[in-house]
Each structure stands twice: as C-alpha cells, then as structure tokens.
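Each of the two complexes below includes chain A, the first together with chain B, the second together with chain C.
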Partner chain A sequence: MTALDHSAETARRPREARRPARPGGAGRRAERRRAAVGFSMALPPVLVISLFVGLPVVLAVAFSLGVTGGLNRTAAVIGQDVHSTDGLLTTAAYEQLFADPRFPRDLAATVLVTVVTTLVVLGLAIGIAVLLRLRGGWAATLLSGLAVVPLFIPVVIASWAILTFYSADGFLRSLFAQVGLQAPVLGFTVTGVIIASVWVNLPFALLMAASGMQAIPDALIDAARDAGAGTLRIVTRVLVPLAGIPLVIAGTFTAIGVLGQFTVPYFTGPNAPQQLGVDISKYFQSFNQPQQAAAIAVVVFVIASGVAATYVWANFRSAKQEGRV
Partner chain B sequence: MTSVRHAVPDPADRSKGTPTVATKRLSAGLVGVAALALATACGPVASGGSSADTGGSDDGAGGSRLTVFISGDTNLQDLWEQGLIPAYEEANPGVQVDVVLDLHGEHDQQTVAKLVTSTEAGDDPGFDLVDAGFVVASAAEAGVLHEVGPDVVSGLADVHDTILTAGKGVGIPYRASSVLLAYDSTVVAEPPQTLDDLLTWIEENPGQFAYNSPATGGSGGAFVTTVLDSYLSPEDQEALRTRYAEDVQEGWQPGFERLAELGPSMYQGGVYPNGNSQVLELLGSGSIAMAPVWSDQFITAVENGLISEDVHYTQITDPSFTGNASYLGIPRTSDNTEGAIDLANFVLSPEGQTIIAEQIAGYPVIPLEMLPEGIAETFADADPTALRPSYFSENTDDMNNMWDQLVP
Partner chain C sequence: MARTSTTPPATAAEPGTTPGLRLAGLTKVLGGRTIVDDLTLDIAPGEMVSLLGPSGCGKTTTLRLIAGFLHPDAGRVEVDGADITDLGPERRPSAMVFQNYALWPHMTISKNVAFPLKVAKVPRAEIARRVAEVLELVGLSHHAGSRPAHISGGEQQRAALARALVQRPKLLLLDEPLSNLDAKLRVRVREEIRDIQQRLGITTVLVTHDQEEALSVSDRVAVMNEGRIEQVSTPAELYRAPATSFVAGFIGSSNTLAALDLGEGEPGVTWVVRPEDVRIDPSGMPGVVRRVLPHGHYAEVSITVRDTDLRAFVTGAAPEPGEEVGVRIVRALRYRDGRLEDAHVEVPA
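Entry: the complex of A and B
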C-alpha cells in the first residue's frame, strides 16, 4: 500500500509542476531537471527489482518453455529430464507435469486449501472486527489481541507447535483421552494444513478488517438502526460493504500467501496430496528437475496473478473513491 | 507483489525524454551500490566475518592460506573448526585455514553455478576444498573439480575401491555413515534380523514404524533403496550404483508396489515424515517403536538425550541398509591446489580419521588396523569397506520422484 502511494506521489508531482510552467527557456530547463531527478530517484528500486526479480522470472518462464540456452544453460546441464525446444518454444515440461496424476491432485489440494483458508480467515476476521466495532468491551479486545499474537511467532515455530498439538500423541488427544474420548489425529492431514494456515494468516486480515470497520462513522450505523435494521442486516448491508476494499485486500493477500506457502504444509501436511510450494522445492532439489519446478512455479504464478488482479482492482477503486486517479 | 508494484514505471516518467548524463551516472552508481549490497547480503558468510570471497591464494608472507567450503549442518562446522583445522594448523605451522559455511547447503545451486562460471573464466572460485553433497553430484557432472586418485592424493591409496569409485574420479571420500535400524527395546524384545523379518514385523505392528520420504533424507532413502534392491539381481544393483541406468529402473516396479502395500501399516496409516530428524523425534517421543536412522545422527541424539537410552540399534542383513561416504572436492581453478591436496591427505591420515570418529561418530574410510585400538573397536561392526553404497545420484533423484508418485 505505502509503496504504491509513494511512487504515485513522486510520479505525480512533476506532472503538476508542469502545469504552471512558463514558456521561458529557464522554466523549461528547471522542469526538465526536476523530471530527471524524479526519474532517477524512482530508477534504483525499479532497476534492482527488474534485475533481481524481473529477469529471473523471465528466465524461469522461458526455461519452463524449453529455452535452455544462455543464462539457463547451467541449470539445463545439471538438471534431469530437461526438454529443449527445437523451434521457438515447447510445452513438453507442462505436458509431462499434467500427464502425471500427482500434479492435478496436488493442484486441486492447493486450490482447496487456499479457498477454504481464505474464507475461514475472512469469516473470523469479520466476526472479530464486527464484535469490536458494535459491542467492544474486554472480551472483544482480548479476542482481537489474541488473534494478532501469531504475527509475532515465526511460522516455522508455529507450524511445529501446531503439529505437536494435533499429533497422535499431542495435547488435544491427551486432553480428550482424560475423559475417555478419542479426538481425531489432525497432524499430517490437509485439515491440519488449513488450521495452521488460518492461524498464520489471521492477524493481517484482522488488522485490515478491524481498521476498515473502525473507519465507518457511527452515524451510518445509528441511521440504519433507527430505520429498523437488526444487527445482522447492519453487518451485511453496512459494515461489510463499507469495509469492502480492506477486506478484498486482506483476502487477496491471504490467498496469494497460502497458494505459495512452503513451511506450513512442509511441517504439518501429508505426503500426498502435497501443496505446490513444497512440490516446487521437491522437484528442484530432490528430483533434480529444475524445468518442471519452473513450470509448477509458472502455474502458481498464473493463479496468483488472477488473485492479484482483484487486488489491483480494489486498489484502483479505493484510489478513485479518494479522488487520486 | 512488491515486484509488480515497483516494476511498472509510470507512463509519465517515460515521456520525460532522455535523462541527463549526470542522472545516468548517479543512477548507475546507485544501482552498483545496491547490487553490491544485495550480493554481499545473500552469500554464505565466512567464519571470520569477512565475505565469502576471501581469496585462497598465498599471502606471500611465507605461510599459505587455504579456504574450506562447507555445505552442511553445524556439526560439520564444528568438525572442521574445532577438530580438523586446529590439528592441521598445529602440524603445519604457517598455514592458515579459513572456513566458509553454507548452513544446510541452502545455496548449493548458487555455489555450483559460481563454480561453473569461475571454471569457465579460469578464476579462483574463492575456496580450495569443498565439503558438500554436490561434490559427487552436480559438480562432478559439470566437470568443475580436479580429477583425484591415489596418484594425486596419496592418502587415497588406503581407501577401499568401492567408495572411491562412487566418487566419480573427483570426490575424495573422507568419512562414512550408514543407516541402522533403531528400535525401542521396551516395546520390541527381539528386533528383526533380516529385511524380510522387518517387513513382516511392520505388517504385524501397524503404526509402529516410520521412515521419512526419501526425498527429504537419507535414512528413509536407505530403507526404500534396500526394499527395491531386494527385488533386483546383483548386476542390476551394481548398474544402478555405478551409472545413470534408466533401463534398469523398470525393475523398481515390484519394490515400489511392496512399499505401497506397506503404507497402511506405517505410522498413522501412511505418514512419511519430512527429514531424518522428524523420524528421530517420533522415536524419541515414543510415537513409533522402530525406524531406520543414520548412525551418526542417532548416536548424537542419544548422547544429547533426545532419544532415550532404551532405544537400541542393530543392522539388518540380506540385504543390509545402505550407507555412504561423504566426499571432498578440489575446484579445478583453485589457486592453492597443493595446499588443498595436503589438507585432504591430513584428513585421510589416521590422525584426521580419529578426530572424525571421535567428534561426529563418522565411520573411518581407511582400514581399521591403522587406527587407535579404541576407535577400531567401536567401529568393528561398521566396517566401512562393507558398506552397501546407495545409488548413483541421478538414479536416486529418479527413485525419489517415483516413490513420490507411487507410494504415498
């Protein structure tokens, strides 16, 4: 958010400065200098990002499509099952992936975990934020405080803790066993992955939802109440729509984060079906198939850009509402 | 996300015309600084706090400098920094040995790429001796290491041929470990003696056995390899160990079917933990009663108290679990090849081998008669020359892939 705002600021200032420009040569020179300074200030991050992120991304996409020369040569020499293109491009690596029943299975599991996690996270975040906004009190404060705790615990520690909590000899089952009940084993299951993903992603979504709802003026809620709206109607017709943009942002960030996550499924997940984030690492390191790993990454990237489009749309809409565009 | 937001330049910027020379120079400088900062921040760190590129060349003041590159865990760092190097420096006054550590080998791919580029350019890669898993895998494949043999590194004359051959002519085997069968003696009175006995035991005691997925660690890999081998002729096994034998890989089918059959009898009806240490953890907490484990990791875990002393180990026969040697490599374009060879010879000497045996319970690679009595006794049952080696690295990669496809 902030990064976008800043770059928008820097880009806009020179443009506004041009408006009162005098026709004189000195004015034009000054304007050009300011433009050049603005450009050079925006240049380093752009160049660094395009060099260290953009270029590798382009190389990886090309590699997955069979361009094995140039900077991809080393990876192609070392890797196994590398498909080189005869013509311009080849989709052999993708065909190999989709022909293997493992990949569609893992893809489906990844999408399932992503969708369920995002919905649960949004549901919990909205619930706590509504409680905080309408009711307040110590219970809501405690709940929102607790929900932010995962932010301060490293994911790898959290994953391990969740695994031991839900494992066959974990706390949950020990507790149930005290009263003679059998709790299910959730360690190394897809359900376990979803629980852990929700835990990891809840704080950010809650912060977004809570701040979005706090910004809604009391007058709107009171007006709705005066008109006879019940709490449910206030939530669905006033609070959620007005906090829509922060919620979309929270949802997209959660979805993209869960889509590509590695640590949580690596620790808490089953061996099959496995999440794509872990698959990429397995194909790259353990199976020594860098091209197939790149192809999986491209598939993840394509799904993530679909989600990112929603984010861009939400950002654009919020900018439009505030009159910035 | 950041990339998307930053990488799209505002159209307004592009229409501003050409930037002045001064801005060009300014931005070029900024990019240079940023690139340098990134490059230094990401690379492996030398132990002295200096960058990983500390030269391995002679410093001209009579003594020489050597740099050892380690890709591995902290136990390897301790082995070199507190065991081998002090002893070597004491025996060779004037020689200074530095260590560059890449913890858990996280940058292996980059390191190999760096080796390839410096070999092509004929430059010193920044280290003279490499202790890493990629020595006999990708680095050997890419041809960036010196050919070594008993004629180059005299210490290799004492090393058994089998493990020397597995070094592909460029790896110097310097320690070994094997996979053992660990069992909780309070649950299992009589551990299985052969592979058949073990598989029967697993099926009779569902949920009591676990091995990690072969892609994530060698102990599970050894179990898988051993089951696969039990369906193969000795010639086929030999082929899989000595070359990339795709034609022989078809013979794995019955072995994988057997492993898939065992699935429901595994821990939690088919959970294969990630990594050797997760299996040790399960064994330590009593969740399982039996598992394949690495000799050195297991001995260390018992010493640390992670695993109870009631957990014992044995080796099965017919066939036994595999083990393998770890290898050192000398970069082709290293500035101090002589020094690296001398250090390798020291590591292979009885003195060096004793340090390895004492410090990380690594199996010696030279005949036990050459070692002090106590050490020879400890490793009497773990004769490294009798180690059943694991597959050629490309075959292992394919095995990991097929296991992932067919078993869980």
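Entry: the complex of A and C
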C-alpha cells in the first residue's frame, strides 16, 4: 500500500476508531456501554436456552430426587408411586428403579448396544476413510457413497426396513429358505438393534473420519513410509492419531445418540431387554410413573456426561499438543 | 581465446567403481506430460549433488522416483550397485527430509526421531542411544521432549534431518529443506547440513530452486530443464562455463547479447557476458547509467549502450544515474544454437 493509499484508508475510517482512548471516567463509561451492548446481544439465546432447556432439566433432576412441589406439583399429583422428600432430597425413586430387575437389565443392554455400536461404527468409518485416503479408486468412492446413503433416509423408515429384512418372515430368511438354509432371526433382538444403530449412525461418523483423514498432509504419510512403516503402522500411528479429534467427535456423538435413541430400539428391539430411551417413554406413558422416568433420564444424562467429558479432554489434549493452551 | 570442454562429467566416481546412486534412463509421465525425460546421472559414494532448476523442471519428481514414492515408466534406480527400482519407499536404503519437515505433530521430537527405529524393531536400549546421539549431532538434545509446534522452524528442520540420519541411510534425500527458513537461518542451517553430510560421508541428493544454496553446499550441481539434465558440473565449472544458454541464464546474473559490439550479430550465435566482466572504463563504448542498485559491498549498475541495456557489478564508488560512462567487456561466452562454443572469449580493450 502506498503512502497515499494509506492516508485515504485512514480518512475513510470512522472518527471514533481514530480517536485515542480517553483516560478516566469517560473511557470506562464507553467500555461499560460496549460490554452492555455485547451482553444484551447474547442475552436472547441464553434466555431461551435457560427457560426451555435449563429450567426443565433442573426441575426433572429435582423431581427425581423427591422435590414434588412448585412446577413439579401437577406431575406429582397425576403420577403413580411418586416419592416426596421429608427433608431436602430423597433417592427413593432411584432405589425403586434399581430394586426392579428390569432396570439394571435394560441399563446393561443399553450400555452394551452403545459400546458395540460405537466400536463397530468407528471401525467401519476408519476402515472406509483409510481406504479413501490411502488407496482411493472407484471401489473406495462407491463404498463411501453407499455408506452415507442412510443420512438421507428417515430413521423410522430405516428401522422398519431393517425389521422387515431381518424378521422371522423377512427377506433374509426367505432368501435362505429358497436354497434350503435357515438364516437366524435378527428382528426384535439386541443384535438387530445394533445392526440398525450402526446403519443409522455410520454416515456421520464416516463423514467425520474421512474429512479428518483427508486433511492430513501427504508428506506426513510419505514420511512414515520413508521411515519404513507399512500400511497398518501408518494407520495406527499416523492416520488415526492425527484424525483424533474428528474421530472422538464421531465416537462421542454416536455413543450419546445411541444411548438415548428411541426409534430404532422401539421398532427393531425386543420387549425385554429394552433400551432406556424406550423405558423412559414406557415409564412415563404406560406405567404413569413420571418420577421414575425422570430418574432414568438422569441416569442416561450422567452416562452421556461421562462420554462428553472424553470429548472435552480430547480437545484439550489436542490444543495442548498444538501449543494453543 | 581459450577453449573449455563443455561436456558435462557423467560421474564424479572413479572409473570402475560402483556409484553410490545411479539413475539410468529414468522417465516419468504424469497426466500425459513427460515430467522426467530419460534422465541419467551417477553420483559417487559420499558425494553431495544438487538438482537445480526452475519450478516444474522435474527435480522433485526425480527425487520422488529415487525415494520410491513414484515408480518410473522407464529406467532404473541403483544404490551401491543394487537395483531398487521396484522397491517401495519403506524398503529403500534412503531417508528423506521433506520440504515442510513432515514431523508428526502428535509425537515429541525424540519420538519422531525414534519412529524409524521402532518400525525396524531395533532394541529399546539401542533406540535410546541412537536417538540421543543423533539429537546431539544436530544440537537438539534439549528439545527431545518438546513437540514440533513448540520449536522454531530451524529446529524443526534439524529434527527432520535427525529423523533421516538416525536410520543410517545409504542415501540422504533433501527436498528443498531450507525453503521455509528466513535468509539468515538458511545460510547457517545449510552449512550445518553440509558439515554433517561430510562428517558422515552420506551420498546426498539435494533438490532446490535456490542457485546460491546449490552452488554453496554441493560437490556437483545438476541443472534441470523440462525433465532433462542440461549440465552436471562442479559449482565453479557451472558458473565459469555454462554448457547451454539456458544454464548461463539460470546460473548467476548475465547479459545476453546478439553481438559483442552491440550491432548486428551472426545468425545462431549469442553472447553471454557476466556483469562482473563488464567494466566501467573511459576508453570503452560510450553509455549512460540508467539505474544503480546498491548491494552492500558492490553495486549493480544498469547502463544503456547503443539502445542495449548492460548490467555491471561495480565495487567501490558507483556512478550516478544519468552519468555518461565508458563501458568495456573483458570476457564473454559464445553460444551457437544454444550450445557453448567458447567459454572464454577475451575482448581486447
């Protein structure tokens, strides 16, 4: 920029921007005014979130711990087996839940489906992303294209399709029967829920894994090959660690999604064990036990918080490695 | 008039000895374009040769063919007499230092350096010893536990060099390793690289587009143009007697003229005059100083002589722009159809 350009630029700037900061009270007042304007601009979304998400969460947690007055009063009056606290809080609703053999069994099934689905989804996403990154070609492109198809199919449709494919009178068994073989019945089983959950969750995980790995510079892979590393070592020591954050995002989002999912287990799962998402609905609607439903939701929330902590930790670790913190 | 041989030496190795690296008729076509065209070059064991040329001349592709990241469409790559053309990069006895260093950001410097040894299943105690040795060699012992993001560009460059050297390669490949450093650091690091290379006696190929870098650290320089080697010579020979007008124009500063008396020339003949061979002399051809660019201990002076601009390097007191001066050419190179015909045409006063 020439000196002339520079002075033209300066002339165009608003007068306030050129004025030096005024010392004393006037400067402080201007600073406070700017802070107030910024705060007021951030206030509407904060209020909406607080009112429609924060408050119900606090009320639900309090309700599950026996606070049945105030805004929880209506639910407490209508619901069955509501435990009210004599003192500050009570864990009676949780004790009732854990005393019932159905809940620990459903909790175990939910954790099992979550863990297995997350591992399988991450495994498939990493596998396809590695294939795309290292090999490319039409097969990898086709595979990645097919893997994102479920993203465009509503979960309820997908669940129903999977059920009709794997059920006792479904397509798979009919096909096997044509050649005199018996295929296993996977409809209304935990395995069926896992298959459907993988189907639903794979696209997002694949998009994250593929974008993470595509962002790794060729030189970092070439350097590993030059150092003597084979494909497996390049994947485990270079690609996966360097795509760590996208993979952690994919893993945590998948885990939290599966943990609280409703549609897939409701359509494809067995009557028992059920996933906690379905249990919450059943306890709330069918059993008319809103306090127990809230307690289950709190349990799901605590597990999800643990998964979310992994996400925060991984981000912090990555920022530390890159010298950002 | 003295004559100089223009035939580039194909090898610096003694006749009958096995070259450290032999490239025999290497050809690579990418996207329908011949990037490397029947390239042949022998490099003696322990020799450092630079591949120098403009962008797109095929020097990096040649290096990637040597490293094994690309497979040639024709030709062979031999290291110490063994044909390695069909081996992948992980099985070649070479180690490469990449342009952007390519240090793995999630590993510490010592883990980066130890990686090739871990892959080679070297015992843990030996890995620790060799990593410590090589970090000492490049002066990075105090950064063993640091991550790449926490050290400077020059230190990252040395860490990348350490990672290559720890493998004890037969062949060291340097892909523009200094291009991301500032000018001062570049000079220091290239001297360090040269010093380490000579101490360890590793056959080395350096790819660069910086002629000063190539001329200052190499035993020989191969100037490339459009996938072919135009000339392979020692830096001094390359500057003194460029084999083609392309090399003459690429190496150093030069004035290209149709005729020495600045009139009509002989068809097919061009003259190249180095600026240091243009003298300001009152008895020479009359000219007018157009521009003076001071470069510290000398000045680059542009002088118009009979509608032709000549550049001269002048030490001491430089003339002022607009001043009328006399110009004398003391030495010139004569090219016929782009090939050097006479490297030392002495022009009488």
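Observations on the model:
The working rule: the second predicted complex is superposed on the first by the 285 of 325 C-alpha atoms of A that agree within 3 Å, B and C clash if a C-alpha of one lies under 4 Å from a C-alpha of the other, contacts with A are read in each partner's own complex, and residues count from 1 in each chain.
Convention: contacts are C-beta pairs under 8 Å (C-beta built on N, C-alpha and C of every residue); 3 or more make two chains touch, one makes a residue touch a chain.
Bear in mind the structure is a predicted one, so any value in this text is a computation, not a measurement.
Placing chain B and chain C on a common chain A by superposition gives a fit, with no clash between them. Look at A:Leu220: by the touch rule set out above, it reaches chain C but stays clear of chain B.
More chain A residues lie in contact with B than with the other chain of the pair chain B and chain C. By the touch criterion defined above, A:Ile78 lies against chain B but remains apart from chain C after alignment on the C-alpha atoms of chain A. Of the two partner chains, chain B is the only one that A:Val185 touches; chain C does not reach it.
Once the two complexes are laid over each other on the shared chain, residue contacts for A:Asn288 go to chain B alone; chain C is not touched. By the touch criterion stated above, A:Gln321 is placed in contact with chain C alone, chain B being left untouched. By the touch criterion defined above, A:Arg233 reaches chain C but does not reach chain B.
Of the two partner chains placed by superposition, only chain C is touched by A:Leu242; chain B is not. Annotation: superposed on chain A, chain B and chain C show a minimal Cα-Cα gap of 27 Å. Residues of chain A touching chain C in their complex: 217, 219-220, 222-230, 233, 237-238, 241-242, 244, 321-323.
By the touch criterion stated above, chain A contacts chain B in their complex at residues 3-4, 7-8, 11-12, 14-15, 32-33, 35-40, 42-54, 57, 74-75, 77-78, 80, 100-102, 167-169, 185, 187-188, 253, 256, 266-267, 270-272, 282, 284-289, 308, 311. Within the complex formed with chain A, the chain C residues making contact are 67, 69, 88-91, 94-96, 98-100, 102-106, 115-116, 119-120, 147, 149-150, 163, 167. The touching residues of chain B, when paired with chain A in their complex, are 1-7, 9-10, 12-13, 16-17, 19-20, 23, 26-27, 30-31, 34-35, 38, 109, 112-113, 116-117, 138, 141-142, 213-216, 267-268, 270-274, 285-287, 393-394, 397-398, 400-401, 404-405, 408.
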